[in-house]
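Input: a single structure, listed below in structure tokens.
All chains are identified by letter, namely A, B, C and D, in their written order; residue positions are counted from 1 within each chain.
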Amino acid sequence: QAKGRVPWKLGLQVIKIIFITVQLALFGYDASKYRQQHENTVKTFRHVFLKGWDATREIVSYPPATGQYAVYTKPEFFQNIDNVIHKYATITDTTIGSYGYDSDDDEISSMWFCKRQYRKGEVFAFNVTLHYDSTPVDSCLEIAPLYPAGDKRWENFHLQDFLKDHNSSVNFNNLIYAELKFSLKTVFLKSLTRFDSPDCFLFDIVIKFDNSLHDGQVLVFLNADSKKLICNSSVQYVETDKVDYYWRQVLNGIVILLCIMSLALCCRSLYKGQLLRQQTIVFFNKQYGKSLSFQDQLEFVDFWYVLITVNDGLIIVGSAMKFQIEQKIIEGDQYNVCSILLGTGNLLVWLGILRYLGFFKKYNVLILTLKMALPNVLRFTLCVMLLYCGFCFCGWVVLGPYHIKFRFLSTTSECLFAMMNGDDLFATFAILNTHSDLVWWFSRIYLYVFISLFIYVVISLFIAVIMDSYDTIKRYHEQGFPKTDLQD
Amino acid sequence: QAKGRVPWKLGLQVIKIIFITVQLALFGYDASKYRQQHENTVKTFRHVFLKGWDATREIVSYPPATGQYAVYTKPEFFQNIDNVIHKYATITDTTIGSYGYDSDDDEISSMWFCKRQYRKGEVFAFNVTLHYDSTPVDSCLEIAPLYPAGDKRWENFHLQDFLKDHNSSVNFNNLIYAELKFSLKTVFLKSLTRFDSPDCFLFDIVIKFDNSLHDGQVLVFLNADSKKLICNSSVQYVETDKVDYYWRQVLNGIVILLCIMSLALCCRSLYKGQLLRQQTIVFFNKQYGKSLSFQDQLEFVDFWYVLITVNDGLIIVGSAMKFQIEQKIIEGDQYNVCSILLGTGNLLVWLGILRYLGFFKKYNVLILTLKMALPNVLRFTLCVMLLYCGFCFCGWVVLGPYHIKFRFLSTTSECLFAMMNGDDLFATFAILNTHSDLVWWFSRIYLYVFISLFIYVVISLFIAVIMDSYDTIKRYHEQGFPKTDLQD
Amino acid sequence: QAKGRVPWKLGLQVIKIIFITVQLALFGYDASKYRQQHENTVKTFRHVFLKGWDATREIVSYPPATGQYAVYTKPEFFQNIDNVIHKYATITDTTIGSYGYDSDDDEISSMWFCKRQYRKGEVFAFNVTLHYDSTPVDSCLEIAPLYPAGDKRWENFHLQDFLKDHNSSVNFNNLIYAELKFSLKTVFLKSLTRFDSPDCFLFDIVIKFDNSLHDGQVLVFLNADSKKLICNSSVQYVETDKVDYYWRQVLNGIVILLCIMSLALCCRSLYKGQLLRQQTIVFFNKQYGKSLSFQDQLEFVDFWYVLITVNDGLIIVGSAMKFQIEQKIIEGDQYNVCSILLGTGNLLVWLGILRYLGFFKKYNVLILTLKMALPNVLRFTLCVMLLYCGFCFCGWVVLGPYHIKFRFLSTTSECLFAMMNGDDLFATFAILNTHSDLVWWFSRIYLYVFISLFIYVVISLFIAVIMDSYDTIKRYHEQGFPKTDLQD
Amino acid sequence: QAKGRVPWKLGLQVIKIIFITVQLALFGYDASKYRQQHENTVKTFRHVFLKGWDATREIVSYPPATGQYAVYTKPEFFQNIDNVIHKYATITDTTIGSYGYDSDDDEISSMWFCKRQYRKGEVFAFNVTLHYDSTPVDSCLEIAPLYPAGDKRWENFHLQDFLKDHNSSVNFNNLIYAELKFSLKTVFLKSLTRFDSPDCFLFDIVIKFDNSLHDGQVLVFLNADSKKLICNSSVQYVETDKVDYYWRQVLNGIVILLCIMSLALCCRSLYKGQLLRQQTIVFFNKQYGKSLSFQDQLEFVDFWYVLITVNDGLIIVGSAMKFQIEQKIIEGDQYNVCSILLGTGNLLVWLGILRYLGFFKKYNVLILTLKMALPNVLRFTLCVMLLYCGFCFCGWVVLGPYHIKFRFLSTTSECLFAMMNGDDLFATFAILNTHSDLVWWFSRIYLYVFISLFIYVVISLFIAVIMDSYDTIKRYHEQGFPKTDLQD
């Protein structure tokens, strides 16, 4: 009965998919570049400020290529801090990137040396005596701009002397963490085209020396949070860019229009379905004197339409945000929300195309199989999840202290999930090579049992469930589908 | 018949699962922190004492990022030892962690230079002559505190001179291993809250130079065993902690109570089942004049109850230990035992929930399938195990000398297990790139045959076995289950 | 009916496969060596010219062993360039490879320092002011040979002074990229045999300092394009090589001959099939008064013959190119095209052998199963592709900025493809450890859903489809195949 | 009929398996230690002789952690060689291992500097002119012991001066490779027990500078071949070792005895089977007047017995070799042959146990399934192999020059094999990131097609084949097996 309408609506969907994919690609390219510039800037700060920072630390890999960046002795600690201060004092001259101090006259601005420590803290390790007051106390000291930027005398600035002059000191026994804070302004030129004009940012840089565990190792982190500033930019653009800028906004408009059309059509169909349901209820009541079951009523709701409605909604909201980001109306930080909206919408649009494939008989077999297998698969998944949860908690508690992969509950789950799909098995065994015999044996039994159970039993049962559905659907196709109450 | 009781007992299990999971999470967090502090302390010692120690050596990865930490020449050997002594003499001043010498007056305490060597050992390599007496002889030399801690004169201390002064020397031809031993006291502040008060430890540090293979390479290890000391601590706590401490003990109490209740209920049910069995035996004897088979008698034991009984037992014992650990009654080293008890208990609790899912018909199909497939899967696993053992032994003996993964029987088994699940295949081939043609060909044939056999044949048969069970159970559901003697 | 002809044609195919595989092996060996020499030369240039170039950067691995080769400060930038110039001035003396300047008299030739910059570019970061004219302007400066090659005075050459002398400078605010260009001639001896005579190349070396992102990090690349020169070589060959040279050309000839024979036979068979088709059409028209359907007409085209025709074509063209490459008639750069032609041809030849296996009944079952399953598999693949596209776009846009694997659409697809086959799961999770909670949760849901869906549902359905075909074919074998119109 | 004999023979097999596994474990431990000592010695040589040798180079991993150890400039080349000579001159004093010169009086012995070069070789790169005579010429120069070992004057020894003094030089244009050769004697103490007495070895060390490709990169290799020498050892053993030594030989004896018994029993059974076959042939001839088919005759050969016979043979030969190795009658180098004999034997013994499991009905189903599926699996494997060969050759030729994994035919095959089992997919894609667009597209299509085809189609068909066999066997069990001619 629905055959007459197919090509028209399908056509709309196909046009929609083309436009939103083009739009998505443009957005993805922008977002990626925005992110990369931020990352590279932080990378640059680490190279400049952190002593002995190595390019191998820039690679986020698993397992990490090298141990954490940390200091272990007092001289190292002060040398690291002094190095930061010396570099900060000359940064406008030496770096290739253009950084400016957070001051109005291009003069060096203050740094802050902050620390959090216990109110009282004395340790006499030789006779294991300690006196503590565990209330944390925060204090900050301004390192004022003694000399102008780039002055040679900065080379002789040492934090330890500076602290002594200000009647302060660092007592590592009660130090929880120390921070060196300062701000730098910078400009991101971007592509210098009309719709991609430069951004200005204030980076609040915090170099944290974390001694909270008091185990001899002080981890060093450099983080930089960016705040957007309004640039005083006067840029002469190349002329051709102008056209590009307008086309991009036109594309946004087209996408929104297409989605609204698609949304309207789907809503109409859904509404019609509801009307029909009302009539049928009345008819059944009158004719047979019985009411329709909930399941039968659900038959009137076409879930494909609901799916398309949802993806249209997501894309309309996402496109509107994208429009505002490109117009610089809202902050660039909302790239994430926008990308999730557009990305999920796009995923659902592609999924929605499956509906139209279902009109062909051969494809229908497959789609029906998936539909039929779904409840059983979900049911089985629930059973498996219970078991999986048990293994997660057990692995996390027992193996967590010995294995980087089991340190957090989320990574434990990811590790188990990866292993049940045949990934990283040997490495997991190998890294669990602890000195404690008890834990060693436990880990071996735990891993062998988990992997065998999930790979050989669980996956096989998944296959069994789905094959059974496939057979059933094929039989139905040959012998006819069983009829529901409604169809009779 | 059992339907009336379901929600009540299920409710108890659900409440139990919530409480013990919360308890487990708290314990896991503590154990992980305890372990991390110990590890970081040893890491700090390695950074401080071992010359040229590199952060890449801290990452436990497979394959390791770098070769073993070793010395190859005599000057290196003595420089390494001298470096340890120099660092030891100044450790209280320079390190960020607070370490104290093992003496009552904060004075530097003695180190011990120990060595094990053959009673006699002379090698004249140029004419391949050797005279040995293979009886091992141990000897130790005290390096007394010549100067006070932090004294500059320690810089001029050289072990080689020191040995000469004491009429001793290191003869590498008969040296089996040399050790440098000393102790350091330290304090772990932890979170400085009431129920998490500081711990004091004496670390016995042993730096071992292992020459037992006499092949030119002397491996260097630093190990540190910790002994708990009683702290003289006076800590002023933040007030809110007190409440937290009590809640934690209350949680332990609730968990134990819940488990006892659950245990009692299960035991009652199991006892009732036994009573029924007695009666049925008598009845059968009287009525039909035949005795019940063992299999029929087993029907009266509900294995789900046995499972719950076991997990209750594990959690009660584990919680009691946890209580004692938190009260500092027993040593913190028993974290391992406690975590295994609680972890395994938790795993079984989650497994036990499956019982209640079995009351729903659709879920029951899956659970019955697993139950029915189990004996066949185990039988097949036994067959496979025999083959697997053969491959393990064969691989270990032939490839062990050429491949780090086949060095030990346990790692051979892990490697084969990982490979049959599709992990790390290429790397295993690639690393087995030996110069010996015979071994190269053997390894290729061995690996190809093993992988093909296990991936294509064994896994397929597992799927066949489980699908067959699924089909059988589905047929039973449609046509009725076969009846046992008892049910008639 | 076809049985009589089998061994003869099969024989031809078997002989063909032997010869072309030998030919391919020889070609592969050559191409590999040609490529390796080029790569090693570029590697040598990097070692010589780039300051602090490290051997770990030579390994192309995933994830990369270390961060990108870059400079961050102005002094580093100029030191790097000066180093290149100093090395270039002495390269003929110091390197082991024999490199010559691109001049006729062995005198050092000019280098070029080129830069592309915005026409105007001023940044005052402290008050976020910028004045730009985004038109890119290119300019080059010749670094003329001031001193002879190897002269000590080169050591005192500094680019910054040189630029100042020429009223130029590097303004990093408007610099897009800077390049240092020069050329070196070199000779590849190769195996110095008659058919493998030396090649001479001019390498145009470009060292690019890429500041296009203006984010503080200037990436440094060394690329070297080679142009072939005609050598003035006088080489005295070892005598036995001559024979080898001729044999190789004879082999090419044999392969071409065999393929032409095979091609002729296949074309004849295809032609005969067409004749038969014409006759049948006429017969049907006359006898039954109905025309043959397109599907029935396709039955007269043996696709195996088409396959063999195609592979013969590919190999004939490929062999002809190979002949010319070995004769030095065409450029060695066309190794790629030639290797793709020969490689694909070879692949299809092996595939063609399957045809002859199909004559045995037992093998036929398998081949028919594949043939029958193919349409369903392709149909299902189409459905899956739609879903897969959705996931690709969505993953690329949302996760691209946070994960090296999702940076490009192609790598996103590769990553998803690898994961759905159980590869690199944990690493993908682990690397996606971003600071943004929103993205973290999205990534976890995205990955868990994608992997579960594709591994548990999609693969199971593939198995179901293929098993169904196998069963059908087996039933046909026992009960007879269904007859088409034609067979009746 | 065979039931009566089971437990007795099974018992023998079980005892055999225990003894040979113990024997294998002892042998594996020895062989591994033997190998490790050799490897460590070579590792030591590399650390001592090669300048800038790094511990990361000791790890055999894939992909390698760092680029190849090579020199690129002439000064580096000569510094490397001078360093070797200086180290060689002081090796007896400085290293921890005990090495002696290959001379009778502990005096330093000569080194040899050898080179292979083209008879004539001149390159004028600037005008791409070259004159060569490609005949390779070998020449060696003795570096005589000018000064005694450990003499300070060695520090001033430079190869370049030395060559000039001897009217020689290194011309890198015609140098194919240069080698530095010398010998060192050393002693392996081993465990210094009676049956594990010290071994003396002469190591012929060759440091090769390989310039054969003439592409600017000279690879440096250190290889050391060992020759066994007869030690003049006088060792006083700890007394308890003696017993251990005899027990080990007793164990060898028991194993050989058990295997001979097992062999005898199997041969008898096989012989009886042959007798029965003869009688049956005669009977059939007489009674029915027809001869037995070959397949029916094969029924009289129990392949399990053949299997056991083979493994007995392997173990007897292996044990005999092991006896000789432990008695030092034959060279220790034959560890490889011996380990392959014993290892394969052991594998087959475990496999043989499956026979006895087949006596239980439930296990028999599985074993019969495997037996029945085998021919079909092998047939299908053949089809797949053809396709696989095609992909191997094609991948090797086209991708070989661009990808380390496709460089050799064997690694190509290993890479494809690993990928079709879901290993290392993404890394393979990622490393194939070439600059040539043509190759990039080819590689993507090639990999996607290969992986999809083999993972989704081939593996599914394997499962289909095996499940079909399982179903058939199950049906047979319920309905009776089809009868052969013989059974009627």
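To be clear about the criterion, a contact is a pair of C-beta atoms (placed from the backbone, for glycine too) under 8 Å apart; a residue touches a chain by one contact, two chains touch by 3 or more.
Everything numeric here is computed off the predicted structure, so don't read it as measured data.
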| item | value |
| --- | --- |
| Same or different contact residues where subunit D meets its copy subunit C, judged by the half mark | different |
| Rotation angle (°) superposing Cα atoms of subunit A on subunit C, nearest 5 | 90 |
| Chain separated most widely from subunit A, comparing mean CA positions | D |
| Gap in Å, rounded to a whole number, between the CA centres of subunit D and subunit C | 32 |
| Centre-of-Cα separation between subunit D and subunit A, whole angstrom | 46 |
| Whole-Å separation of chain centres (CA-atom averages), subunit B against subunit C | 46 |
| Subunit C: positions in contact with at least two other chains | 65, 422-424, 463, 465, 467 |
| Contact set on subunit A toward subunit C in their complex | 21, 24-25, 27-28, 31-32, 34-37, 40-41, 43-45, 47-48, 54-62, 65, 92-106, 184-189, 192-193, 198, 200, 229-238, 335-337, 339-340, 342-344, 346-351, 353-354, 357, 362-363, 366-367, 369-370, 373, 377, 381, 405, 410-411, 414-415, 417-419, 421-424, 459, 462-463, 465-467, 470-471, 474 |
| Residues on subunit A engaged by subunit B in the complex (per definition of touch) | 63-75, 77, 118-120, 123-135, 172-173, 211, 213-218, 375-376, 379-380, 382-383, 386-387, 389-391, 393-398, 400-402, 404, 407, 409, 422-427, 429-431, 433, 436, 438-439, 442, 444, 448, 451-452, 455-457, 460-461, 463-465, 467-468 |
